[in-house]
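One structure below.
Labels for the chains are A, B, C and D, by order of writing; each one numbers its residues from 1.
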Amino acid sequence: MFEPTAFDLSAIVTGVVNGLVLGSLYALASLGLALIFGVLDIINFAHGDILMISSYIIYLIALSTGNPWVALLSSLALFALFGAGVYRGIIHYVLGKEPLIQIAITVGLGLILQNLALALFRAEPRALPSTLFPYPLSIGPLTLSANRVFVALVSIILCILVHYYSTRTKLGLASRAVAENREAAWLMGINVPLIYMATFTIGVLLTTTAAFLWMQIGPVDPYLGTIFGLLCWIIVALGGLGGVAGIIASGFIIGVLDSLGSMFLTPSGKYIPMYIAFILTIWFKPRGLFGRR
Amino acid sequence: MLRSLRRREFPRGNYLWIVVNGFEYFFASGFPGSVRVFIASLPGLSGLHVTQKPLIRIKDNNSNTKTHHPRVNTRREVNKFKPTIYLQLIASNYRSVTGLYLRLIGLVVLLVAMYIAFMTSKYYLLFTTNLVFFAAIVLAWNIIGGYAGQLDLGSAGYMGVGAIVSSILSNNIGLHPLISIILGGLSSALLAGAIGFPMFRFGVREVWYALSTAAIVVILNNAVRLLIGPYEYYLRVRPIKTYDELYLATSIALVLVFLLNYAVNNSRLGYYLKAIREDELAAEAIGVDTRRYKLLALMIYAFIVGSLGYLYVVMIGYFYTYRFFDTGISVSIAILGIIGGLGSIEGCLVSAFLLRGVGEYLRTSLAHIIPGLHLLLYGAVLIALGVIEPEGIPGIARRFTTLLKTTKRPMGGVK
Amino acid sequence: MEGVATKTLAIVLAVVVVVVAIGIGLYYMTAPPAPTPSKVNEVVIGLIEPLTGKYAVFGQEAKQAAELIVDIINNELGGIKSMGGARLKLVVVDAGGSPDEARIAAERLISENRPHIVLGAYISRMTAAVAEVTEREKTILVMDALVDDLTERGWQYVFRVAPKASMHGASAVDFVLDAAKKAGVEVKRVVILNEDSVFGTYVSNGAHTEAVKKGIEVANHITYPYDVADFSSILDTIKRSNPDFIVMVPYFSDGVLFAKQFAESGLKVKFIAGAGGCGFTDPDSIKAAGEAVLYYTNTYSFNPYRNTEWTKKVVSMFQQRYGKLPTEAGGIIFYSLFTVYEALEKAGQMFPDNPLNPDNLRQAFLSLDLNDSNSIAAQLYPSGRIKFAPNGDNLYALAVVLQVQKINGTLTPVLVWPEPQPGVSVVFPRP
Amino acid sequence: MSTLLETRKLTKRFGGIIAVKEVDFKVEKGVIKGLIGPNGSGKTTLINCITGVHRPDEGRVFFESRDITGLPPHRVAKIGIARTWQIVRPFKKMTVLEAVMTSALIRVKDLSVARSEAVDVLKLLGFTEELMNRRGSDITLVQHKLVDLARAIVLKPKLLFVDEIAAGLRPVEVEGLIDLLRRVHRELDITMVVVEHLMTFIMKLSDDIAVMHEGQLIAEGSPEEVAKNPRVVEVYLGMRV
């Protein structure tokens, strides 16, 4: 089965570019997770499944209305409620509890979402029949799928927006203050519970947008969450909690490892280099490659 | 019950010998004693154990009492002592010995009863065997996850490695199954050591530990499939023919793992691990070599799970490499362990038997109506757990007992 | 202390009592039935399929198909005539997601329902677990799992009507070569692309060997994981190995993803032929991938367009009952169950005194030689002939090829190989 | 009087700030030594450097004239330096007795011996059997501090660091603590370093006192001398206690 492709420069270039395109989506998908982990210090193992369920919602709305943008907006509204609800209903209770309990409870949430999806939508894959840009895009020697490039660009833009949110806006700064030192933030008169709920909701909304972008390029089935869950955590681990830039960078790294791995090793073994990289990072730079905290 | 512990003649060696309300009692200390206890006490309902040193208090003025260890002590000496001083000692010793004794009997009786109940139907027998098997795995997980408090999601990996190694050894090389089981266990213990040493050396904890172990399962899954191809590998050597034998083997495994858990629980290792779980730095500061003991716990757990792997292969008749290492399995093991309450042997048994039993039954009976109902059940239980009773089954049990006995005094409460 | 001790004992005793009570209950529930009398009035058919988890899609359809066929046999054909019109009784159980669960399911079926014949279980590793049980119980297992080595284990009581995995791969290659010859297009290089499961591996190896045999150069053979999220780099690898056509063995959602991404990639190959099980051509994939899978083909173990009375009839009945075209999973059950029916009839004639004895049943199966004229099963089978080799495989196994074409505006899978269905011609190469 | 512990030019930096700066700290055998200084003057950091929680950037630590610089905490504990924590680190899911037993088990192998020793120590600290069998999760702050202390002294250490044990306690409790520490010192003859920022507490307890300020030792001597020392006065008036 091992048949590594001939090792030449253009291959590497294309591989890297593909990796970056893929990585930017990964980065966006992980951003919500990183935000929640950074500010609330909640270990969310249901992240992938939240992405999965929102992909389904987006798919259904898009199919019924026939307009992806309507789907995006309405599902954003929906998942704002969902996020707030989950926070009040579940996360709220495990704030500051030991990690094991947080993991347990979020795994539970994930199981419920996954099997609800299985019960409601059955196991076959669903995808939007029409894509936004169904044509190739050739830049110099390499041709890319315009659709994926679009997705990548949107992801990057969103990441930058989030960066601005966390460094410029009042809410963002407040949440960072909470992340740095909760008590101090309290004393400064920041309404910590509000910040928590807001941050969690924003995290969920970011995931929803990621889901929207994913639906532009791929299908969803109840097990989509398992693809993204571990991956996003790995990106957060690599990026550390050093802010958006770190996440983007590690998203890129994972993406490039992914595509180069499947080009020069074999797609069937591409996870090996990715996960080994992750483990080594955890060993030697526990705070991540770009971590501040 | 205490009466049953009465003994006229003294056992050889050292012991704690006390008189309470006119009865003489012998009392044991913990591991390794307690395991010897169960062996020593199978003949005759004595539940006695031989401690290294007898603990006899001479003076009793609440404070500055000193402990010394006289060689022999006559009844007259003993009679001088006021029983109350020892009650607390008695309590704990009594628990550690007779408690094990009772629980062991309980477990064995339960296993036998289940066999008697289910032997008529191959289906229920296999079903039960499966439950017993996973109960054993959950108990093994309890050592690293429950006592040491490390959320390990690698069980599928260790089980798989052990399973494959031992099957290949017994099948292709033709080693005796027992030897190959042990070698399989060792190999996965070695793997665990190789992974665990740097992991603890670099202080990987909490979520990062969980993720790394999960990642290792994924790596193994891909690596093994690439190495030997995604096929089913059938056992030609079948040491275990019938389900009755399989049930016996699995039950023995469970009892062994149970005893091992008990041993850990009542040994220095156990106390160290619990201290590590509670507060690693504090444990370090009182002189616990946290790295060393975490690694030890990890390797013990990996060894058990690895050797159990062969039983899994026997259960289905072959091993396969496509999605054999499944993080889903690891996660559900950890879930059962957490629900069982970290470090509670009974809790783990209950959650493994009850929760998984109900879940599997739901799956086999209602799957075609609501697919994944059992997983929904797990999810609900987990969330309820996190919100209501983070300490799992023992926590719930404690609530009930405190509700029941509000007047009853704790062991030493003679006032 | 007495309190603690006695309480513990009490609990243990309580548990024991409960357990034993349950056991006694079960004992009466699962008491073995009386030995089958010479006058049979009911034949129990067990169906073990994955009804939950990733493979539920196939299991669910197999269940529907089985229910339909059993109704037909009982109501229209009046049961098994040679056994005095004995009726078929269908029992369905869930194979779950892992072999140990599948094995438990098999044991449950056997011990609670005592089926005379078992069908299942679509996924090779589950089927193997089931076979371990049926062999021990000397119960006939008619497999709808295609992986080759299931019939090479020396199992005595297994039969498989459907074409095996490697044949799917081979037929995909053969079809492309035929079509190319007819269209006067030259094809020399192929890239084989498969999901790295057992099934995918067998199918792709079949294609590989066939291609080599037919003198086609295999430019590259790529395997990928089922949970692939991006085909870009794979497409790039394909591009630089510059094939004339691609043989792909998708699992399900990865097929959709591939088609969508291929459409966007601007990559040009003369043809893309899917091989094995559920590929590009079944309704769900078409619904999901849309225009992207236009003119894709896929090999099929079942020919829903075969021009025989019973194929038309069963397919239309299936469609009006469940509102969808039967796919692979359903089709296999159609002819497998009808083959079972023929075998039972035969057994009734050959061994009137004890037709349901497994060895007699086995004899009956082996003595079958079915063709369109003498049986329904053969009419539903692509090659129109069913005859079992001693290892349980069908000697006349055949896979057909469907192609997604636009028939008055809607994407529909149509038969293009071995003979195109009336009014249809293969579109080759892809425009 | 022989020197038990000695640090030479001990220095610890955190990023830019220097928490401990070239400290030469001596503890004679058999004394109760006070170590005072305003909050953030580096007292706890000093202890952490000695007990191996932090690795000092410069300087060395000698215990019984043996270099123990940079040993991991568990080694330091084994050679006879125990400590308590400024913020208690309780073993919530274990009973008080088990918690103390755990550290008793560092020295003795046999459970029942460990148990009896733990019982001795806990009795010494005034725990009833009923209290001993309570879980760490349901005892009061002062009891936590005592358990913390018990965990340390059951190690039979040669040197015991008591880090701000009075912090957050009511005056009455503090009085009790002073007696208790004296008693521990007397009966188990453990040399102690008592860290506090409350002058009064230290004055009552210790034989001689070292004063830290901004990471440096600024004065050392008997309580009276220290009390008179102008720098100390200045520092303490500077940040009124």
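Just so it is clear, contacts are C-beta pairs under 8 Å (C-beta built on N, C-alpha and C of every residue); 3 or more make two chains touch, one makes a residue touch a chain.
Not measured: the values here are computed from a predicted model.
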item	value
Most remote chain, CA-based centroid, reference being chain D	C
Gap in Å, rounded to a whole number, between the CA centres of chain C and chain B	43
Gap in Å, rounded to a whole number, between the CA centres of chain D and chain A	47
Distance between the centres, which are taken as Cα means, of chain D and chain C, whole angstrom	73
Inter-chain centre distance, chain B versus chain D - centres from mean C-alpha coordinates, in Å	37
Chain C, residues touching no fewer than two other chains	52-53, 56, 60, 196, 225
Chain B: positions in contact with at least two other chains	91, 222, 225, 342, 371-372, 411
Numbers and ranges of chain A residues touching at least 2 other chains	1, 118, 122-123, 226, 266, 268, 271
Touching pairs - complete list by chain label	A-B, A-C, B-C, B-D
Chain B residues touching chain D - in the complex, by the definition given at the top	16, 28-31, 33, 51-53, 55, 57, 62-67, 87-89, 91-93, 96, 266-268, 271-272, 274-275, 277-279, 281-290, 342-343, 391, 409-413
Of chain A, residues touching chain C in the complex	1, 3, 5-6, 11, 14-15, 18-19, 21-22, 118, 122-127, 129-131, 133-136, 138, 143-148, 217-219, 221, 223, 226-227, 258-260, 262-263, 266-268, 270-271
Chain C residues within the chain B interface of the complex	1-6, 8-9, 11-12, 15-16, 19-20, 22-24, 26-27, 30, 51-53, 56, 60, 63, 92-94, 96, 98-101, 103-105, 107-108, 110-112, 124-125, 128-129, 132, 149, 153, 196-198, 201, 225
List of chain B residues in touch with chain C within their complex	1-2, 91, 94-95, 98-99, 102-103, 105-106, 109-110, 113-114, 116-118, 120-124, 126-127, 130, 222, 225, 229-232, 234, 312, 315-318, 320, 322, 326, 329, 360, 363-364, 367-368, 371-372, 408, 411
Chain A partner contacts - residues on chain B that touch it in the complex	149, 151, 198-199, 202-204, 206-208, 210-212, 214-216, 218-219, 222-223, 225-226, 327-328, 331, 335, 338-339, 342, 370-373, 375-376, 378-383, 385-387, 390
